[in-house]
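Next up, some structures in structure tokens.
Here come two complexes built around subunit A, the first alongside subunit B, the second alongside subunit C.
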Partner chain A sequence: MTIGLYHPGHSPLHRLSAGTKVTGLLVASLALFLTPSVWFAFWSVPVAFAVYLSTGAPFRRLMAQLRGPAILLGLVLAFHLLFGSVADGLLAVTRFATLILLASAVTLSTRISEMAELVEWGLQPLRPVGVNPEKVGLAIALAIRFVPLIAEEFRHIREAQAARGLAANPLALIVPLVIRTLKSADELADAIEARGYER
Partner chain B sequence: MIVLEGVSHDFDDRPVLVEIDLALRERRIGIVGANGSGKSTFARLLNGLVLPRTGRVLVDGVDTRKDVKAIRRKVGFVFQNPDHQIVMPIVGEDLAFGLKARKVPKAEIAGRIDAALACYNLGHLRERPVHLLSGGEKQLVALSAVLVTDPEIVVFDEPTTLLDLRNRNRVAAAIDALPHPALVVSHDLDLIAGFERVLMIEDGRVAADGLPSEVLPFYRERMR
Partner chain C sequence: MTKDVSTRDIVYIALFAALMAAINLVPAIQIGFLPVPITAQTLGVMLAGSLIGAKRGGLAILLFVLLVALGLPLLAGGNGGLSVFFGPTAGFILSWPIAAFVTGWLTEVNWRRMNAIWFFVFSVIGGVVVVYLIGIPWLAMVAKLSLWDATKGSMIFVPGDLIKAGVAAVIAETVRRSYPLMQTVR
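What follows is the complex of A and B.
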């Protein structure tokens, strides 16, 4: 299983700091939404696509990652065609397509630890009001770490149920999945303590 | 040296360990016992993951109840399932996790990660997502993540249980080559056959304690 996150590499994007990339993404978002030109948004798509390809991740993986967003954008366009105008639909779709490509390029070229450090840095001003930036950073890393673990658990439960002749039933899947995930989280908490992390 | 003095522990009033007195000073100690015998709780006592209900555990004279931070620096712990030990999504990031927790200077972290991974020829995995590793690679990464923090003693809780034979042999060789004193909880009797000492735990008590050549035949007999 692959998840749409960091892909190791040495591209120019990889060499930039997480802060620079996120700031760039923010500036691009503002520019896109503050410029009411369909042509600007339209031409931003191939530029963003080039940035996306420049991460150096395998082409098939890059294309596979775009399948889900493409369906979503198709729905957005259909909505506009039905209830709005073609120009509005194209503007919305091209803006979102650009942002999805750029955001994906940032996540593909940025380690989770760098992103977590950036969040920790950004949250430092909130420390006086009780926010612990290190804990937020760790929570982000753990959430991402858990994605493949939960997918694996899901597969095991589904296989065990199928082997016993049970048809796919969302409730029968979710209950054991939640229990197993909580158990895994409990063990991971033990490991975090054992490895010297202080609460 | 680890000393247990009158250690007892229970979960929900069910005794798990009962009045254990031991001095552990050998470089390789194996711990065997049936499922539910209390051996994993015993292992967890040694680095303060579990604190004894009564009695005390001393690691080089430091009470686990009094200074758990110091204990965790001294005693590294390798869990049975590496998926439940590896915290970060990328191998290198996970090794960095323990170092950052110990406030190791940033400039030192990269070199220590490289050195730890090189010990098991895992340098090529540094940027690899953890979920794409094999079971043996994950267990060796988990071991590297413990060793990179430079513990004085390493405790293993069933390190080969989830592995196929090839990966089991890789992990066994890694434990064998470890310069640190190690305590290994295991059902894999071949793994601990060459150790200096084996403890057999039964119903929360140390039922046998001695050389593997003495304890393991007794254990096999009890498991019939």
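What follows is the complex of A and C.
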């Protein structure tokens, strides 16, 4: 898997199983939302930041990933300062910061294939209500396979139009992309059925 | 995915989830009089519902959201990973599968009379109304804002969303005229 936010490494977080990490994340979020203490939330930020740094990804990349969430949290804080109370604002923003840092650490240190296995495993109890984890697994694998192909298709259409002197226009780009996707879906489904994957 | 989802449905669901990812490659557009750039994200949600129906469209977007959670950077600007679901805007993202389902359901029920106007109306109901009905209360709850403040903060995105519904309607109508859709529905 070349695309994705995963960063290969050997940190302690990398060695934990995906299930352990996701459980830990859920426990942390429950603890934060059940403890309405600003101090607890405040002091959890540096701890979460240390966990985030411990993934061993390059510092620049770690910081770049935090820019978007930081802007969002700045807006939330600004709203609280303008219309609400400072205490509520600090509590909300520190909670978010902790959880975003921890969740990013999990994503950075867990392979997508491991996460997908975790999802398939987690869906097993839903079998009686008609959920088929293998079909979900097939859908995940197909989609991951097709993201780069459709993105490539998108670039081809864009280049073909640019070569004919057309400016980038979402309408002219997306219509052929949708039709090509529908066509490849039909062809792929025919191919799978022809091989007797499903009776 | 339930028992009544065929292999053909799975292929459609997977390819539309991938298409949604590709649509997010369309760079955000800054329109002069609007305060925030328009990203293509909910355009894919509206299109999935309009083009492949309620069940497949909703599941396609659910699969897309799942791919983001697994750690693929598929949201606008290359965002993704579990952190998205712990931020203030998680409700908006989690509302997308339901939004696509609602748009798809309305489209299926009215398939015989579909045209660009109806595609626009149903895209607005699913891709704007449903998204805000779920996203705003969620934002208010997790960010400890009042419902009114959360609504005020979200309103800057409405003009862009309406423009997107218009674009989705024109695309859906063009595709409807040029490709046999929903053979299984009717």
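Here is the rule we go by: the second predicted complex is superposed on the first by the 131 of 199 C-alpha atoms of A that agree within 3 Å, B and C clash if a C-alpha of one lies under 4 Å from a C-alpha of the other, contacts with A are read in each partner's own complex, and residues count from 1 in each chain.
Assume a contact is a pair of C-beta atoms (placed from the backbone, for glycine too) under 8 Å apart; a residue touches a chain by one contact, two chains touch by 3 or more.
Owing to the predicted nature of the structure, the values given are computational and were not obtained by experimental measurement.
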With the two structures laid over each other on chain A, which partner does A:F154 touch: subunit B (first), subunit C (second), both, or neither?
-> second
Looking at the overlay, what does A:L177 touch: subunit B (first), subunit C (second), both, or neither?
-> second
Examine A:I140 and indicate which partner it touches, taking first as subunit B and second as subunit C; both and neither are also allowed.
-> second
Considering only touches as defined above, state whether A:I112 meets subunit B (first), subunit C (second), both or neither.
-> both
State whether A:Y6 touches subunit B only (first), subunit C only (second), both chains, or neither.
-> both
Have a look at where A:A92 lands relative to subunit B and subunit C in the superposition and call it first, second, both or neither.
-> second
Between subunit B and subunit C, more residues of subunit A are touched by C
First (subunit B), second (subunit C), both or neither: which does A:R195 touch?
-> first
Doubly contacted subunit A residues - partners subunit C and subunit B | 3, 5-6, 112, 138, 142, 144, 149, 184, 188, 192-193, 197-198
Interface with subunit B, subunit A side, in the complex: residues 1-3, 5-6, 8, 111-113, 138, 141-142, 144-145, 148-149, 152, 184, 187-188, 190-198
Any idea which subunit C residues touch subunit A in the complex?
-> 1-3, 5-8, 10-19, 21-23, 25-27, 29, 40, 43, 47, 51, 59, 63-64, 66-67, 69-74, 77, 79-89, 142-146, 149, 153, 167, 170-171, 174-175, 178-179, 181
Under the touch definition given earlier, write down the residues of subunit B that touch subunit A in their complex.
-> 44, 47, 49, 69, 72-73, 76-77, 79, 81, 83-90, 93, 96-98, 101-102, 127-132, 145-146, 149
Sites on subunit A touched by subunit C in the complex | 3-6, 22, 25, 29, 68-69, 72-73, 75-76, 79-80, 83-84, 88-89, 91-92, 96, 99-104, 106-108, 110, 112, 115-116, 119, 129-132, 135-136, 138-140, 142-144, 146-147, 149-151, 153-154, 168, 170-171, 173-175, 177-179, 181-185, 188-189, 192-193, 197-198
